[in-house]
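Chain IDs A, B, C and D follow the sequence of writing; residue 1 opens each chain.
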Amino acid sequence: MRAEVPASGVENPWVEEVQISGHIIDSLILPKILDLITAGRGSFRIKQITIGQARTDPSFALVEVQAPSREVLQDILAQISDHGAVPTALQDCTLVEADMEGAFPEGFYSTTNQRTEIRIGGRWIEVGDQEMDCGVAVNPAGTEARCVAMSDVQKGERIVIGHAGVRVFPHQRATQRQDFEFMNSSVSTEKPKGVAIRQVAQEFFRTKAAGGKSLLVGGPAIVHTGSGEHVCQLIRRGYINTLFAGNALATHDIEQSLFGTSLGVHLEHGGLAEAGHEHHLRAINRIRRVGGIRNAVETGMLRSGIMYECVKNNVDYLLAGSIRDDGPLPEVITDALDAQRQMRTKIRDVQFCLMIATTLHSIAVGNLLPAWVKVVCVDINPSTVIKLSDRGSFQTVGLVTDVEPFFRALVTELNALESGR
Amino acid sequence: MRAEVPASGVENPWVEEVQISGHIIDSLILPKILDLITAGRGSFRIKQITIGQARTDPSFALVEVQAPSREVLQDILAQISDHGAVPTALQDCTLVEADMEGAFPEGFYSTTNQRTEIRIGGRWIEVGDQEMDCGVAVNPAGTEARCVAMSDVQKGERIVIGHAGVRVFPHQRATQRQDFEFMNSSVSTEKPKGVAIRQVAQEFFRTKAAGGKSLLVGGPAIVHTGSGEHVCQLIRRGYINTLFAGNALATHDIEQSLFGTSLGVHLEHGGLAEAGHEHHLRAINRIRRVGGIRNAVETGMLRSGIMYECVKNNVDYLLAGSIRDDGPLPEVITDALDAQRQMRTKIRDVQFCLMIATTLHSIAVGNLLPAWVKVVCVDINPSTVIKLSDRGSFQTVGLVTDVEPFFRALVTELNALESGR
Amino acid sequence: MRAEVPASGVENPWVEEVQISGHIIDSLILPKILDLITAGRGSFRIKQITIGQARTDPSFALVEVQAPSREVLQDILAQISDHGAVPTALQDCTLVEADMEGAFPEGFYSTTNQRTEIRIGGRWIEVGDQEMDCGVAVNPAGTEARCVAMSDVQKGERIVIGHAGVRVFPHQRATQRQDFEFMNSSVSTEKPKGVAIRQVAQEFFRTKAAGGKSLLVGGPAIVHTGSGEHVCQLIRRGYINTLFAGNALATHDIEQSLFGTSLGVHLEHGGLAEAGHEHHLRAINRIRRVGGIRNAVETGMLRSGIMYECVKNNVDYLLAGSIRDDGPLPEVITDALDAQRQMRTKIRDVQFCLMIATTLHSIAVGNLLPAWVKVVCVDINPSTVIKLSDRGSFQTVGLVTDVEPFFRALVTELNALESGR
Amino acid sequence: MRAEVPASGVENPWVEEVQISGHIIDSLILPKILDLITAGRGSFRIKQITIGQARTDPSFALVEVQAPSREVLQDILAQISDHGAVPTALQDCTLVEADMEGAFPEGFYSTTNQRTEIRIGGRWIEVGDQEMDCGVAVNPAGTEARCVAMSDVQKGERIVIGHAGVRVFPHQRATQRQDFEFMNSSVSTEKPKGVAIRQVAQEFFRTKAAGGKSLLVGGPAIVHTGSGEHVCQLIRRGYINTLFAGNALATHDIEQSLFGTSLGVHLEHGGLAEAGHEHHLRAINRIRRVGGIRNAVETGMLRSGIMYECVKNNVDYLLAGSIRDDGPLPEVITDALDAQRQMRTKIRDVQFCLMIATTLHSIAVGNLLPAWVKVVCVDINPSTVIKLSDRGSFQTVGLVTDVEPFFRALVTELNALESGR
């Protein structure tokens, strides 16, 4: 039986009671939910509130949501459910079979990147492969649920419809804060960076020590700015387990290895060698002629650089294509959907992700990662960092700084951590 | 017989004479060439120089290039040939058959985006489909030449090797300057914009009046910033003949049409409707359910917006995919090489190109366009404009300004031009 | 009698009870205060909480603050008092005579830009001339209090010491939000600007209609970008009552009027006239020769432009000097303290302030304005807007857009508002 | 006798012959001059040209400038004279007595920052105290000339009028290039920084070794970003001889020394201590109470930090005030003209200048420095660097990077240089 009923009052006839728990004050969850209710043209009545007396104590609130129509009420519930507001009148989720391939049924539940459970037969089941902007598919037995991308929907799959029977557990800032103290105002360029870089080093160090997996998502500026050797060190020392990049990073890295230039700039003396753009193309052409990066390493043609170290150290690399690519290198996955599918597989067990100097790949990976994976995004351009946080990847800690000095300092900090053992 | 001979002197034993003509002083071509020779560890002797006495008079220079080795000389000649320096000792170009598919033979001539001719059997032939970073393929009869991308090379095709027998006609700033006076320091945000916008309007107006073709390359900020209706007007009035965009522009446009929001922002009152990201997905899902944008227009589901106007006004649109796409919409070309090939076809007869608010698509299109197509790149972020000019698309005029006011002023200027008739 | 007492427990022996009221949930005040207590190494116990059931209902909380030492407790109380937390154990404020000129006694109470009251003889007195980063001086009778800048302290003045007997009424976001809906994420460049500009127009319109005073704080880019005539219109139509600027805005405006250039750029056709920098100097020299801007207008030398309109329309202008000034113009106040003092006088009755294209003057004025004055800061560079909000001028609404199109659209919106009457 | 005569032809009746010598091709001086002639509505005839056959050989050109009127001709000559074009018909400069204090006579010659000579009695005299945007004053004997700022003009001083008898020796890129190879495209963020930083280190090292004087112009971000200790090292090791800054840098440095915070941020752990802004004020107040920074060091109140090291190591520091200052500190020069005059004195013998993280002070100092002083401007915000080069300080090499890592790397490079001895 539904608790959602027309209220007796005239103006707000539709009502539903929701509960919220956790660090709802400290994490700004309650204010956010109350704000959404009002902004969505509803109103609220706080029926009960218990606020944790210490910072680590959880709080609890019981809120009655009122709305002028059923549609408005549903819209509001949909929004606040993404922030952890769960109707107290429990009900199972609604499942509908997909009537076609590659599209959801109308009214499908659209996922967040937060931990989510759905209720089937009175039991709460955790949703697997959590990823934002997907649907939730349930196996025929109704015992397992997982996120499914729109383009991967199979006809006949059972898909969750609406927000009923779905609950979301928002990632709570309070906890996270101890990890990254510097996250408060991430786009400022006038904050001390030393602390932030040390924390990134600690994250790499802890992840490696715990046998976890770290992912580097990087753009070609890593090579342009002369940071390639720093990244090679991180790879050789086991800090980077997976690399996501595009054709450009790999090509400039290989160009640098074969010709000593990156986009025509001689890295060791900074002068311009204008033939550089030719070098770029010739590097790709040579790799295509030998059939790929791995072959180039094995035949001894490629003897240094980031891609060389990836092959030698079994780093799981993925090169995703884009329409601005020259060539591209044989390993580049030119189909965007293919690339997304392969990235999904490779991020399943990532614990820490460093995104650096690439807007395209950072946003793509940010879309795929669940909220509990720690992400640090480094770029010298504040707008990249702003874009990432504008798009809902709110777990992302942004750091506006320069690529090469960042990596140089990161290696120094890791040296300190290692010798401190 | 080659003019390239070891010189008698000890230090610079290799010599070749080149000639340069055109606006070589005013366009900074001669200084650039002399600079490249010296930077490339060669030296030069100016044997003859005639400088145009008026601005429009062409100049001419005969320069002897000296280098310490044959390799250095070849490198220098390769670089300066891209700026129009042609050896006076004429010879035919060298052709080699491609020995495999999808890669050039070693030593291939790498193209610029400038008008280029190659010499076969003593005759100069113009290279067709001019595009930078390609090779040049010649037909079996040796009567036709065209640019070919690395991934499109067929086994057995005859490919130009080296720089001998190739001459480049650099696009000359002097001429171009009359078109866009504001191009001098394109990344400055402190210049008057009114004049620049008026010149863009004139370019659209002239191109339409002459029956030419204008291309808009746009990003989703067109919709976010509330500029959609301005673009719709440009389309309805025949100023935009081709549209290149990604999944994001089309989706936000359709979301705006179906739900009144773009990425969750209600455009008419600026408030946040947080369900917006759902709207985004639901918009894509609906279009996928009806089989595409064109179907959505024809069935009456989609009744307004940029994509609607494209369908209704026969604008030739191309949506190129990327790894950050949700969905995507059915029309999106998800394979990057496919998208490049289709873009190549559609730009063949473009006279004017406006790139706005998209780095990815702007660079991709900038890579494909020949130097003589006028390009204006508009972005509020100076770094996008800097990136475009850093990458050799030097014909690009950058304008750092805000999208919505830009389009608003553009429409006003076009109104003035039309009523001025 | 003080409530501040060593608590019986060992770890947190010092305790004080504070109360907070207002929109403390919705405005994020309570979470902020709890955060500050914990961050300051204290702990808290919420003794009572009443949350407004509707958005407009005020809330109330009684919180016990605990700290390990008296110093830590004082630090915490100092911080949270700036956010409206008032000790329930009421006491008068402490007053100490200034022992020297131009400096406060140690331990002085440092002001915020929020409405503030101090308690003397059991009565709460409102502090006048509210301004951040000042002290509070009380008249001999103890009946009046006002903010006083450090450099203006007179020996013997009675100055408030510590936070006891001081209460602050934080400006509440909930209320403000209705005015500027677009303020949520002010630095984004991808938001619709039309709505924001319309709201700025409404603010100018309302302020003028109500006989209020609007202040324009502007930089020279107003002239460079060709926006001068828009500003002239705003002045002639009575929307700008006060203008704060520097030597540069006035000089470029006068240069534009006398020579048709601004920093060497001919505004009407965008071309460069390199003699421009000379024009700049010659413009200043001429004004110095006639004794000032007002004289230049009266003698007919200066016949157009922003400064001309200021003189003709009795706009109260103030030109503050800086170390990068050429000249400067005779009216420029070269002493920074003098300039601050005169600005303080002129802003006393300002209701609305538009800051545009100047970091220096915007921050200077932001430092002086009380929190309840509406401020909109417009700049094409996001970093200026970020800097303003980083510095505590949190009432500032930032708009990242281009100057000339902004003014053009603003005038259009004002036309619409006027004709709508 | 003047060569400037009405020409016989109808369209261009006014003619003057000028000569240009030096690296006029390589340094782009000739193209620039021809461009200015045409842009200024004149035309030219190259009567003779000799181009250096090697890079280091000087070139020479004899150019006839034609203009439709005497005024246009004068305008053109004025512009091209700033780039080294000297009329072949030699004449003495024209001198006029200043008729009032603080302003030049009409028609005054306006200086560049290039080495300049004036001709008196047939002899060329070098102008002293070279600075842009000044006039040239000549002593009564006619034997000495020096730049004089507008506000410093004395009644009766003899001032140079017009461009006749003035010749300018433009600083030539060719030479400079060997020092700073990285200067080519200074605003790019995607270039390798390691090389650039090494060259800055070499400049500091060379200047110190040669007994020269290095000037640091710095903003408060030096302290915010945690770079204070790096700067202290540079001071202690004798690399910085003069420091120009504002109230903010000194205050945050002192706040950091007294309270461990800078603008409320604890530098060692990056956390926010919101009382910080109070710390800022309290730091200033304490220094005011003891009468200044020097007293604070001598009494032992101030024991560390940049200002402490300046006092201890006899660094000649100058703090220039601005309207956004709190306090200010007693040493701050609040009058902008006073500050300019004192800066002029202190820069007279500076050989190398590093400007970092301050737009205001960088532009102010850039205005004062002659073109032959090497200047490197470092900022994370590209717009600061763009602004500096837009304003004619073209000798400035810009480096877009982050402050703290820059200084960290700079110290490392200096260590390497020192140990390499």
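Everything below uses one rule, namely that a contact is a pair of C-beta atoms (placed from the backbone, for glycine too) under 8 Å apart; a residue touches a chain by one contact, two chains touch by 3 or more.
Note that the structure is predicted; figures quoted are calculated from it, not measured.
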Quick one: which chain's Cα centre is the longest way from subunit C's? B
Using the stated contact rule, I'd like to know whether B-C or A-B comes out ahead in C-beta pair count. A-B
Distance in whole angstrom between the CA centres of subunit A and subunit B is 33
List the centre-to-centre spacing of subunit B and subunit D in whole Å, with centres computed as mean CA coordinates. 38
Between subunit B and subunit C, what's the gap in Å when you average each chain's C-alpha atoms? 46
If you look at subunit D, which of its residues touch at least two other chains? 189-190, 271-272, 381, 383
Would you pull the subunit C residues touching subunit B in the complex into a rising list? 181-182, 184, 189-196, 199, 220-221, 224-226, 262, 265, 267-272, 380-381, 400-402, 404-406, 408-409
Listed in rising order, the residues of subunit D that touch subunit B in the complex are 25-26, 28, 30-31, 34-35, 38, 43-46, 49, 51, 53-55, 185, 187-190, 382-383, 386-387, 390
Can you check the complex and tell me which residues of subunit C touch subunit D? 36, 39-40, 75, 78-79, 82, 100, 102-104, 106, 108, 110, 132-133, 150-151, 271-275, 277-278, 280-282, 284-286, 288-289, 320-328, 334-340, 343, 359-361, 363-364, 367, 381, 383, 392
